[in-house]
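In what comes next, chain A is part of two complexes: it sits with chain B in the first one and with chain C in the second one.
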Partner chain A sequence: MKNKKINDFLLFALFVFPAVAFVLFATDIPFVMNMYYSVFDWNGVGKSMKFVGLDNFIKIFTNDKLFWKGVTFTLKFAVFYVVIVNIISLTVAVVMSKEKKSSSVGRAFYYVPYIISLTAISLIWKFIFGPGFEALYNITGWEFFNWSWVGTPKLAFYVVVIMAVWQNVGFYMVNYIAGIIAVPKELTEAAKIDGANSFQVFRKIMVPMIMPAVSICMLTSLTFAFKLFDIIMVFTKGGPANSTVTVAYNIYKEAFVNNKYGMATAKSLVFVVFVLIVTAIQLKVTKSKEVEA
Partner chain B sequence: MKKVRKVSILSVIIFLCSIFWLMPLLLIFINSFKPYNDMMQHFLALPESWKLDMYIETWTKFKFPMLIGNTLIYTIGTVLVIVLLAPMAAYKLARTKSKLSVVCFGLIIMPMMVPFQSYMITLTRLVANVNLTGTRMGQTLVSIGLCMPLAVYMIHGFVKNVPLELEECACIDGASKVRIYFSIVLPLLKPILTTVVVLDTLATWNDIITNQLIVGGNAKAMNIQNALYMQFSAQTSDWEHALPGIVMSMIPSLIFFVLMQKHIVGGVTAGAVKG
Partner chain C sequence: MVKKKLAVLLSAVMVASMLAACGGSDTQEPAAESTNEDTAASEESAEAESDGASEESAESGEASAASGEEVTLKVFDAHAYGLDEYAEMVEAFEKDHPGVTIEVQHAANDSNTLLQSRVNSGDIPDVFDVESGTSAKMYYEYAYDWTDDTDVTSLFNEDALETGRDDDGRIKSLPWTYENMGILYNKDCFEQAGITELPTTMDELEEACKKLEAAGITAFAMPAKESWVLGQLATHFMMDKSLDAEGTANALKSGEKQFADLPNWNNLFRMLDLAIEYGPDKPLEIDWETSENMLANGEAAMIHMGDWCQSTLDSFNADANLGFLPCPVGSSADDCTLLSSCNWTYLVNKDSENLELAKEYLTYILTSEMGQYWMCEGVGAVPGVKTDREVSGKLANDAKTYIAAAKTNGWIHTIAPTSYSDVCGPYLQAYMTGDMSAEEVTQGFQEFWTAQ
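The block that comes next holds the complex of A and B.
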C-alpha cells in the first residue's frame, strides 16, 4: 500500500514538477522577491539595503508627482482606448460577420497588425508621423500634417491612442464576430418579420445577446490599457516632457534608469492592487448585463 | 429598398477602411526600396526600381542571420518545451484530486492574475543572481516560464472535457500510466495544442521586453525585435536601413499568419480569457 502511494507521488512529481519549476523561476519567485524588496531602500547593485518599512508606500502616496501623472495618463488612455477600439471593432465585426469571401479577406486585413510585434509597429508609426507626415505636408500643403505630432504633449497622447487602436482592432473584431455568429438566426428573423428595422434588431437583439463577447473585449482592452508599456518604451519613451509616461513605464524607469529598486518594487505592488480592483469592478458590471439565450 | 442601401453603404465604407488599415504597412514596404531623398519627395509613389541593395546591406550590416537564428532558437526552444511539459502537467493536475495538486495548479496560474510589469524588475535580479544575464539560456528559460501558465490553464480546461473511460480501458489492458498518457491522452489534445503552439510562437517571436531586460545590449543573444529597438529607436533614425529591417522582421510572422490563418484567429480568441 505504502509503495503505491510513493509510486503515485513520483508519477505526479514527474508530470507536474518540471512545469512548476519553470513558473516558479520566471514568475512566482520574482513576485515574492518583489514584496520583500518593497520595504527596503536599495539601488539594486550595492550591498547596502536599508529597511525602511512602509516609507516607500508613503512616499508614493504623498510625494511622487510623476507616478500620479502616470496614473492620470493611464486612466485617460484607458477611457479613450476602450471606447474607441470597441466601437470600431464592433462596427467592423457587424459587417464582417457575413459569410462571404470578401469578408474573410477584409478580416485578414484588419487582423494583420495584431500579429506584428510592438517594436515594428512603434517604428512604423514613428516613420509615418515623422518623415511620412513631413513628405505628405510637402505634397498636400495641409497644415494638419505639419503639426508636431510627437513633439507636443497633447498630440502625443493621440499618437499613442491611434497606434494602440490600429494594432488591436483585429483582435476584438474576431471576438465580436464569434459572438455575433453564435446569435440564433431565428431570433433576428422573427424580429424582422415583426417589422423591426436593422438598427432595432441590432440594439434590441444583437447587443444583449453578445454581452459575453462585450465583457471579454472590455476586460481585455482595459487590462491592455493598464499594462501599456512596449509602445511607450520603443516610441515615445515617455516624452515629450513626461507627458506619455504610463504607470508601467514609470516603474521600469524608476528601477533601470533611476536605480531605485526598492521604490520601483513598491510601485509594482500598488500597480497590482490597482489593476486587480479595476478589473474586479469591471467584471461585476458587465457580468450583470449578460443574458441567456 | 432604402434600408438595403443603407446597410450596403456601411459595408462599402468598412471594406474601403480595411484597405486604409493596411496603408501604414504598404507605405513602409514601398518606401523600404527608396533612398531617403526619394522617400521625402515621392512618399506615396512606387519606387523607381525594386532593387534589393538596401535589404542586402541591412542584412549583413546588422547581422541579420544571427538575429534571426537567435529568435528562432528562443521560439522553437520555448514551443518545444511547452508542448512537452504543459500538457503533462495539465493532464496530471486535472486528474489528481489532492491538496498538492491544488497548490501546484495555483502556483502555475497565479501569474495570469498579476501583470508582468509588476515582477519584471525582480525577475531581472533573479536572472542576474544565477548568472544567466545576457545568455541565450537565460532568455529561453524565462520565455518558457512566462508562456507556461496560459498553456497549462488552457490545456487543463480542455482535459476536463476528455472522457475518463478511454484511460480506464487502457488501464485494464495493463498499459502503464506514462504509456497511457503518451499514446492515448496526448493525441486527443491535438486541437488545444495547436492553439498553444500558435500563441506561444507569436508571443516569443514578437517579444521585446524580456529580451531587453535579460539580454539587454549583449549583441550575441539579442533577438530580432530587441536589435531593431536598440538600433533604430533613438532620436535620429537611419530610415534607409530601418525600413528594410522592419520589413524583414515582419516577413516570418506574415508567412506564419498566412499558413496558420484559421488556427490563429481561433487560437488567439481562445487565449482571450487571460486578459
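The block that comes next holds the complex of A and C.
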C-alpha cells in the first residue's frame, strides 16, 4: 500500500516536474524580477539603475495618455473580439460537428489561418485591403471598398478585429467541436423523440452540456485579447496616429524603443493585476453555469 | 469513453497551438540562419587554412591565435546590406588569422531589441553597431575608448569621427558610412512634366506638384504609414543652418528655441498638405516599400527617403533615373539642404576576451581594402574612412555633389531625445488624418522635446 503511494508520487513528479521547471524559469522567476525592476529608473542597457520607488507607478496613473489610450483600445477590442469570435466559432462548430465528409474539409478550411505564420497573414490582409478592395470597388462601385481601411484611425480598429477573428476562429471551433462531440447521443435523441425541435435541443441540451468548452474558449479568447501584440507588431505598428496601440505593444515600445525598462515593467505589473481581476470574474461566472451529464 | 475522446481532442489542440506558436516566430529565422551560414562557411575556410598553414598567415595571426587555439569573435551587424561582400570580407580575414572564427549575426529588423537582449543576457558581442547619437550613448559604458589610438582614428574623416564622441569628447565608436536623406525624385517624371529647374522653395515645389499633376503623375508618395519617415521629414523644418544639427537640437532641447517660433516650421504642414493633395488616395497606407516601388517605376515623382534604400530601389527597377532633391523648407534657396550623417557607428566591447582581435577586426572592416570594397561596392555608400574609391550607389554619388557644394547639414533625429520619431511621427499622422490641428502638433513636439 505504502509502496504504491510512493510510486504514484514518483510518477506524478516525473510528469509534472519538467513542466513546473519550464514555467518557473520562463514565467515565474522573470515575473519576480519584473517586480524588482519596476521600482527603478533603468534604460535596459546601462550598468547602473536608479531607485525611484513608486515613481513609475505614479507616472502611469497621472501622466501617461498613450498607456490609457492603449487600455481603452484593448478593452474595446476584448469586448468585440470575445463576442464575435465565440459566436462565429460556435456556429461553425455546430455545423461542422456533423459527421459528414464535407465537415472534415470544412474544419480544415477554418483551421488553416490558425496555423499559418503571421507574416504571411499580414501579407494576405495587406493585399485584401489594398489591391483586393480596389478591384472590388472597381467592379461594384460600393464606396465601402474605397475607404482607407488601414489608414483611418476609426476603421483600423475594425481591421484589427477582423484579422484577429479570422485568424483564430479555427482554434475555438475545434474546442467547441470537442465539446459538442462529448454530448451523449442518448440525451439529444431522447429530446428529439419527445418532440423537441433542433433549436430547443441546442438551447436546452447542447448549451448547458458544452459549458466547459465555453468557459475554456471565453478564458482563452479573453486572455488573447488582453495580450494582443503580434498583429499590431507586424501589421499596423500601432498606427495610424497611435490608434491601434494595445497595452502589450505599448509596454514593448516602452521597454525596447523608448528604453524605459523600469517604466515598462511597472506598466506590465499594473496590467497583470487588471487582467487577473477580469479573468477571475469571468471564470466564476462561466463555471457557475457548468453542469454534469 | 467520452472523456477520453475529449482528452485526445484537447491535447491535439494544444499540440497544434504549440506548432502555431513556432510558425509565428518565423521572422527571426533569417537572422539566425545567416549566423549559421557565416560560421559554417568560416569554419570551412579556417579548417582549410590550418591544414595548409602558410607562412603568411603565421605572421599576421599573432594577435589572435598565438598558440593555435580556436578563437571565436562574436560580431553583431545591425543591417543586412552587401551581405555577399561581407561574407567575402570575413573569409579573407579568417584566412589571415588561422584559428579565428568570425560569428556574425546580421539583424535587419529590430536590431535594437536583439542587441539589447543580448547585452542583458550577458552575451555582449565583441564588435557591434548601433545608431549613432542618442542610442549609441546608452552603450558607451561598454565601449572601448579609441581616443588614444590615433593611428586608427586618423584614418577617418574628422566630421565622421564626431558622430562617435561621447559627452566628454572621447571617441567611443567608429563611423560606418555617410547616409544622406532628402527628397528623392524621379528625373524622368520631372522631364515629362516639363520641370527643368529643381524646386528650391515651397512655392516652386507647389508649382512642380501642379505640373506633375497636369502630366498625370502622382507628385508625392510620402510613406506616411512609417512614423520614422515623418519624424525625419520634420527635422528639415527645424534646421537652423547657422547652428547645424547639434546646435539646433540643443537649442530645441533647452527650450531656447520654441517650435512655434522656428522660421520654417509651419512649412512642414504645408509640405504634408501637398503630400496629401498631390499624393495617392490613401496616403496613410503607403509604407516605405510601396513608396519606393512607386518612385522607382515612375508612378510617383517624389518621396522622402535616403540613399540607404538604393539596393531596394534597384531591386524594383535597376534602370530608374533617380536623384536627390534637397528638401525645400521655406522661401529661400539657401535653406534647402540634404541631411547627411554617419548614422551607424561601431563599438568594440571593452571587456571582450579578445580585445586586441576585436579591435583589429573592426579596423579591418572599416578601413582596409576589403572593408572599403564592402562599403563602396556592396553597400554602395561613401565610407566614413578617408578614401578615393568610387562608390557604386547612384544616389550616394548624387549626394556627393551636394556635399561638395556645402548643401548639407547633419542629422537631428538621431541626436533628438530618445524615441523622437515614435512619439512625434504619430502626431504628424494625426495631422494628416485631420485628428490634430497644426497647433496641437506643434504643441506636442514642444512638450516632447523639452520634457526630457
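What to note about this one:
In the analysis below, the second predicted complex is superposed on the first by the 261 of 293 C-alpha atoms of A that agree within 3 Å, B and C clash if a C-alpha of one lies under 4 Å from a C-alpha of the other, contacts with A are read in each partner's own complex, and residues count from 1 in each chain.
Simple rule for what comes next: a residue touches a chain if its C-beta (ideal position, glycine included) is under 8 Å from a C-beta of that chain, and two chains touch if they have at least 3 such contacts.
Predicted model only: the values in this text are computed from it and were never measured.
Considered on the superposed chain A, chain B and chain C are sterically incompatible, since they clash. In the superposition on chain A, A:T279 makes contact with chain B only, not with chain C. Contacts of A:A190 after superposition on the shared chain: neither chain B nor chain C is touched. In the superposition on chain A, contact of A:L10 is made with neither chain B nor chain C.
Once chain A of one complex is fitted onto chain A of the other, the partner contacts of A:I58 are absent, as it touches neither chain B nor chain C. In the superposed pair of complexes, A:K47 makes contact with chain C only, with no contact to chain B.
In the superposition on chain A, A:I87 contacts neither chain B nor chain C. Of the two partner chains placed around the shared chain by superposition, chain C is the only one that A:P240 touches, whereas chain B remains out of contact. By the touch criterion defined above, A:K253 lies against chain C but remains apart from chain B after alignment on the C-alpha atoms of chain A.
Greater residue coverage of chain A by touch, when chain B is weighed against chain C, goes to B. Legend: residue contacts after superposition of the two complexes on their common chain; A:A182 is shown touching chain C, with no touch to chain B. When both complexes are aligned on chain A, the segment of chain B among 7-15, 97-105, 151-159 or 205-213 whose C-alpha atoms clash with chain C is 205-213.
Overlaid on A, the two complexes show chain B and chain C touching the same residues of chain A, namely 44, 111, 114-119, 130, 171, 174-175, 178, 230, 234, 237, 256. Considering their complex, residues 11-12, 14-20, 22-31, 33-34, 37, 44, 91-92, 95-96, 102, 105-120, 122-128, 130-132, 134-136, 138-139, 166, 169, 171, 174-175, 178, 197-198, 216, 219-220, 223, 226-227, 229-230, 233-235, 237, 248, 251-252, 255-256, 261, 264-265, 268-269, 271-272, 275-276, 279 of chain A touch chain B. Interface residues of chain C, counted against chain A in their complex, comprise 2-3, 5-6, 9-10, 12-13, 16-17, 19-20, 23-24, 26-27, 110, 112-113, 116, 119-120, 138-139, 141, 224-225, 227, 281-285, 418-419, 422-423, 426-427, 429-430, 432-433, 435-436.
Residue ranges on chain B touching chain A, taken from their complex, read 3, 6-7, 10-11, 14-15, 17-19, 21-22, 24-25, 27-28, 31, 39-41, 43-44, 81, 85-86, 88-89, 91-93, 96, 100-101, 104, 107-108, 110-111, 113-123, 125-126, 141-142, 144-146, 148-149, 152, 177-178, 181, 202, 205-209, 212, 225-226, 228-229, 232-233, 237, 239, 242-243, 246, 249-250, 253-254, 256-257, 261, 264-265, 268-269, 272-273, 275.
Per the touch definition, chain A reaches chain C in the complex via residues 43-47, 111, 114-119, 129-130, 146, 148, 150-153, 171, 174-175, 177-179, 181-182, 184, 230, 234, 237-242, 253, 256-259, 293.
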